[in-house]
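So, here come the structures, one by one.
In the two complexes below, chain A is the common chain; its partner is chain B in one and chain C in the other.
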Partner chain A sequence: MSYYFAMIGTKDNPIYELEIGTYKQSGDGTPKFPTEMKELNPFIVHSALDIVEEVQWKNNQLYLKTIDSFYGYQVSAYVTPGNVKFMLLHDVKAEESIRQFFIEINDLYVKMLLSPFYNFNESIKSGSFDMRVRLLAKKYL
Partner chain B sequence: MEARSYDRGGLSIIEGMILKDIKGPSSLISKQIVISAFCPKIAVSCTEHSKVVAGAFGFSTVLELFRYFESSAVVTSKLDVRFVKPIHDVLEEQKNVEGQLRLHSILGSGAAHGNSFSGGDKSFGLPSELFNMRSLETLANDVIKDVDSELRELLASEQRDSEKVIDLQNSIYTKYFTKLVSSTAPSPYETFNHPILQLFVASADDDALSLKRLISDWKSLELPNWIDKDEILPLAIIIVNKNVADDLQRGLRLQETLKLDMGIKSSLLSVSVPGIGDDDVVEETATKLATVHKPIFDTVDEELNRVHFSRPTVEIPLKSKRSVETFLQEIIQNVMVPFMRRKIKLWTDEVVAPRKSLAGRLFGAGRKWGNAGSSSLFSMGDNKKGSPQPQTMSSYNETEGYYYAKSPDFLIRRLGDWSFMLRDYKDSYTTYELLKKDFLNDKAWCHLSSLQEFMLISLLIGASNRITPLDVAGSGNGITPKIIHDLINPMVDSIYYSYFSRSNLKTYTLRSVIVLAELFIALSQSTVSSSTVTEIYCGQAIRLLRKIVDGNIVDSTFKGKLMERIAYVYGCYYRAVVEASPPQKPTPDPENGDDQPIANVLKTHYKNTDHLGETRHRKSALWLLMACRQLDPIIKPVQVKVLLDEIDVQIAQGEGDPADHMWLYRENQLLSKLKTSVS
Partner chain C sequence: MSSSRLLVSGVGYDPAVGPQSTGPQVQQLATSTSSLKRQFSASGGAHSSIFDKNLHRAKHDISLSSLCYLFGEIVSWCDSKSRGVQQLESRLNNLGYSIGIKYLELTSLRENFASGNISSSSKSHATKREVRILEILQFINSSVWKGLFGKMADKLEKSQDLANQYMITDNLPLISKYISVPKEFQHLNCAAFVAGIVEGILDSAYFQANVSAHSFPEPGLPLKTVFVINFDDKVIKRESMRFER
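Right, the complex of A and B next:
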């Protein structure tokens, strides 16, 4: 099982990206996307933004569940109150754990926003943020 | 190019109404192609002398001459017709093209019983496909090569003519789509390619004997059981040269002889034949010339061979052009259409009305119960299942998988097809519906698929005809989401399964699914009021196109073009709505005391959210990228270049500045790789 996680800002700009594999079922955390899929990942997530923009008006929840699919891969989304989108491309359906993952990521992101050294919509380069996201991915995905 | 050639058929009006898009032509054009392709066919046979007349105009046969008038006939008579070779010749050609005509049994039992090539009788088997898939693939590559050579020049020039680039690019898909529906191969599942008129063309130089021989040869032809020669109306035509003084007299004499000896009705076609006749008249006719255009619907093999219609236009004397046009118009309006209407009325009274009546339903039920196979009480010990005798109780030959041409079921099918060709879609739908259960009971899967295919086409064309693209009020067309879910989707799945999975009929699968997808796109484009409905239609079209893409039915070139088409459909999402009401930022009016806007960079940027979530340009970009990968930048660099430019346009439509989209252009990603390979 492989995951591509992206946090997309309000201008369609990625503020954080991570490709990670599962640690469950004796996985070592290495993403195993096929080559032809790997080079398409950002575009699949980018195209799913069309659906996010549609669904976010119909749903008052922040977690939008699985919103799109592409040849066996699914895209789950979470929209923060500031309209930053958390997008996760995955091949296995695990709604509850993805929801938990997104909620925790949102907590992390809010803490990041509180930092005086971070501006809204800028890319996140913090090493500790990256490490914590990886830990959350290990825990939930 | 192809897109240009449609201007003659009145399609320029449609083209004027719609926006040009680089990713594909409007589906309104595709819809017009579907309507024009499934039109009455007129077979043409000619004598050697009449070939000389055709030769004087620069054509090899009279058929070829008439085919250059197909477009004119459309304009003048408002009903499309196509001129085809005699049905026997077409069947023979099919046999030769395929190497050997394999018996195609729906149940797969025919080949197992060693019945190959029996095909119901005589020397014909059931034709397997509408056209050769390999030829289509070759043609697809040839078309792209031709277009690319022109595109290369256009792209290299400093002042890029984007309109021409769009036209050229769109012509590729239009051509593919035209080829899908332009097969003239007769099919046992439908009667669109069974000719309605058979013309026997002779010249005044012919004697009655040669024309008689031509007609008697045709009458004595042995055709498969699924073709009914009696339903083809024979008509003799005698061409007389206006430039020759006594030609008319000879023509009239020949007409009289035919009538008296054989009881054959004939018509005189009086034309000025260039180069033959009195010198003064010949010179006069040679000075005033008019242009006739190559037919739109030439088949895949004709296009590939490029023998018959190598010339896009031919110049013939103006007088002759007018004479032939008027003559063909008269034939269509005064002979063919009345004949079709008469037959439709007759079959409705004889076959459909009894079926619909209460008594008919009771007897129909009795017939079914009494003919329930060998286990039936009445048929015990007399099992004729699979026998090619038309006298059996069932009109369906299970062994070889066809209905006898004279059977009530096939008559009703023909009735539906003829109503369809006369553009009475409501009538054709109700007629087709009568047969559904019978085909299902007979397990005639291909017949059922074909029936369902045309039921849906009738339904969708009928629905899209109800409102015009300019109908902003949009009163609805009757195709509701419930109809799509409960009626259309199960039928489409059934069609796909029967054609592709059960029978491996790739060309039929391709035709049915793509035609239906195009009609859905046409529906979405004609519905400008309701964005929800537009979304449903577009979604349905994408679902259908993806069926073909995912099914690996076509080669990579065609698949790439279908992906481009999917991108086009995504591009169409809500386009009508967005363009009907462009976002307007409220502007201050100084006359009313409003202050002039102050440039304040810290002020919140105005963002129009009216149509947020109503577009699919990002999806469109993804599918264009997929198309680029499928087309391969090494083999088709020009095509990929054009599409990559379009991807840039689609990405730029998103939120933010170009700098915000740079993540999509990273070096290790597909877009960047493709750009590097084409540059």
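Right, the complex of A and C next:
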């Protein structure tokens, strides 16, 4: 089980990306995407953004669940009130744990946003943010 | 040990490299996260980062006098940088704008928390975004105003003449309460700062709008301020396409 997680700013710019594998079922956290898939990940997620923009006005939830799929891979999305999109490409269905993962990431993102040294839509280069996202991925995915 | 310190101090995301930027080396390290986590939480006390703070404190009040002092300084700094009332107001507006963008995210999170939807441990909440014009205005009118000023705004109206115009009235804006405007600045309303906050909130929620603050002194309410919100035509169009059929 492998995951590709991206946070997309309001100008469709990635502000954070992560590839991570599962730790469940004695996984070691390394992503096992096939090579050709690895290159496609950002494109699949990017093309799903159109669907997000369609769905986000019909549905007033933050977590939009699975919105797109690509040859057995699924894309789940979460939109914050400020329209930053969290996208997760995954190969197994796990709605509830993904929801919790997104909610925790939202918390983390707001904390990042409150830093006076971070501007809206800027890429998140903080190392400790990265660390914490990994810990959350370990906990939920 | 040295390598795990690498992870603690962090490598971080590099947009030029993409998801690999945190490195395969680091990823392997993450397997020993349990020991790492301990180390991290231990080191967290020594130099705690912004991520260790709790967003959901019950009280987040600040002292009114220090706020007014700070805001007074902001106004006079903006004044020294600008040539005239209009420029001063747009400077204040811009300052508020960047706050509004960030405040929207924070306040919606807190709102959901306060209504008991999230408890920081169980995280089971039915959060929502505002997707309609009236909803987001009500959200600003109540939640945002309460969070910022500790009270609701006094009135929320729709303009009778213009379809895209709405007005929020505050009889006594907290922020300009302690600012006395000199005669030569007659038209200055320091609540332009608050108008900027509202504009930032609306813009980042995809309700693009222009917001300006106007004084409407009334007997007994010398500071009464009306925030005039002019939505972009496309917002109105989207609203009618989505919801009026």
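The rule we apply is simple: the second predicted complex is superposed on the first by the 141 of 141 C-alpha atoms of A that agree within 3 Å, B and C clash if a C-alpha of one lies under 4 Å from a C-alpha of the other, contacts with A are read in each partner's own complex, and residues count from 1 in each chain.
The working rule: a contact is a pair of C-beta atoms (placed from the backbone, for glycine too) under 8 Å apart; a residue touches a chain by one contact, two chains touch by 3 or more.
This is a predicted model, so every value here is computed, not measured.
If you put the two complexes together on chain A, you find that chain B and chain C both fit without a clash. Rounded to the nearest 10, the superposed model shows the Cα centres of chain B and chain C diverging by 120 degrees about the centre of chain A.
In the superposed pair of complexes, A:Gly29 makes contact with chain C only, with no contact to chain B. Within the superposed three-chain model, A:Leu62 lies in touch with chain C and out of touch with chain B [touch as defined at top]. Contacts of A:Glu39 after superposition: chain B is touched, whereas chain C is not reached. In the superposition on chain A, contact is made by A:Arg134 with chain C only, not with chain B.
Contacts of A:Thr80 after superposition on the shared chain: chain C is touched, whereas chain B is not. With both structures placed on the common chain, the touch criterion links A:Leu49 to chain B but leaves chain C unconnected.
Of the two partner chains placed by the overlay, chain B and chain C both lie in contact with A:Pro14.
Comparing chain B with chain C, more residues of chain A are touched by C. Closest contact between chain B and chain C, by C-alpha atoms in the overlaid model: 5 Å. Note: residues 10, 14, 17, 42, 56-57 of chain A belong to the chain B contact set and to the chain C contact set alike, using the contact criterion stated above. Looking at the complex, you find that chain B touches chain A at residues 612-619, 621-622, 625-626, 629, 654-657, 660-661, 663-664, 666, 668-671, 673. The touching residues of chain A, counted against chain B in their complex, run 9-14, 17, 36, 39-40, 42-44, 46-50, 52-57. Considering their complex, residues 7-15, 18-20, 22, 24, 27-28, 30-31, 33, 37, 40, 49-51, 53, 55, 98, 101-102, 104-106, 108-109, 118, 123, 125-131, 204-206, 238, 242 of chain C touch chain A.
In the complex of the two chains, the chain A residues touching chain C come out as 4, 6, 10, 14-20, 28-30, 41-42, 56-58, 60-63, 79-84, 100, 103-104, 106-115, 119-120, 123-132, 134-135, 138.
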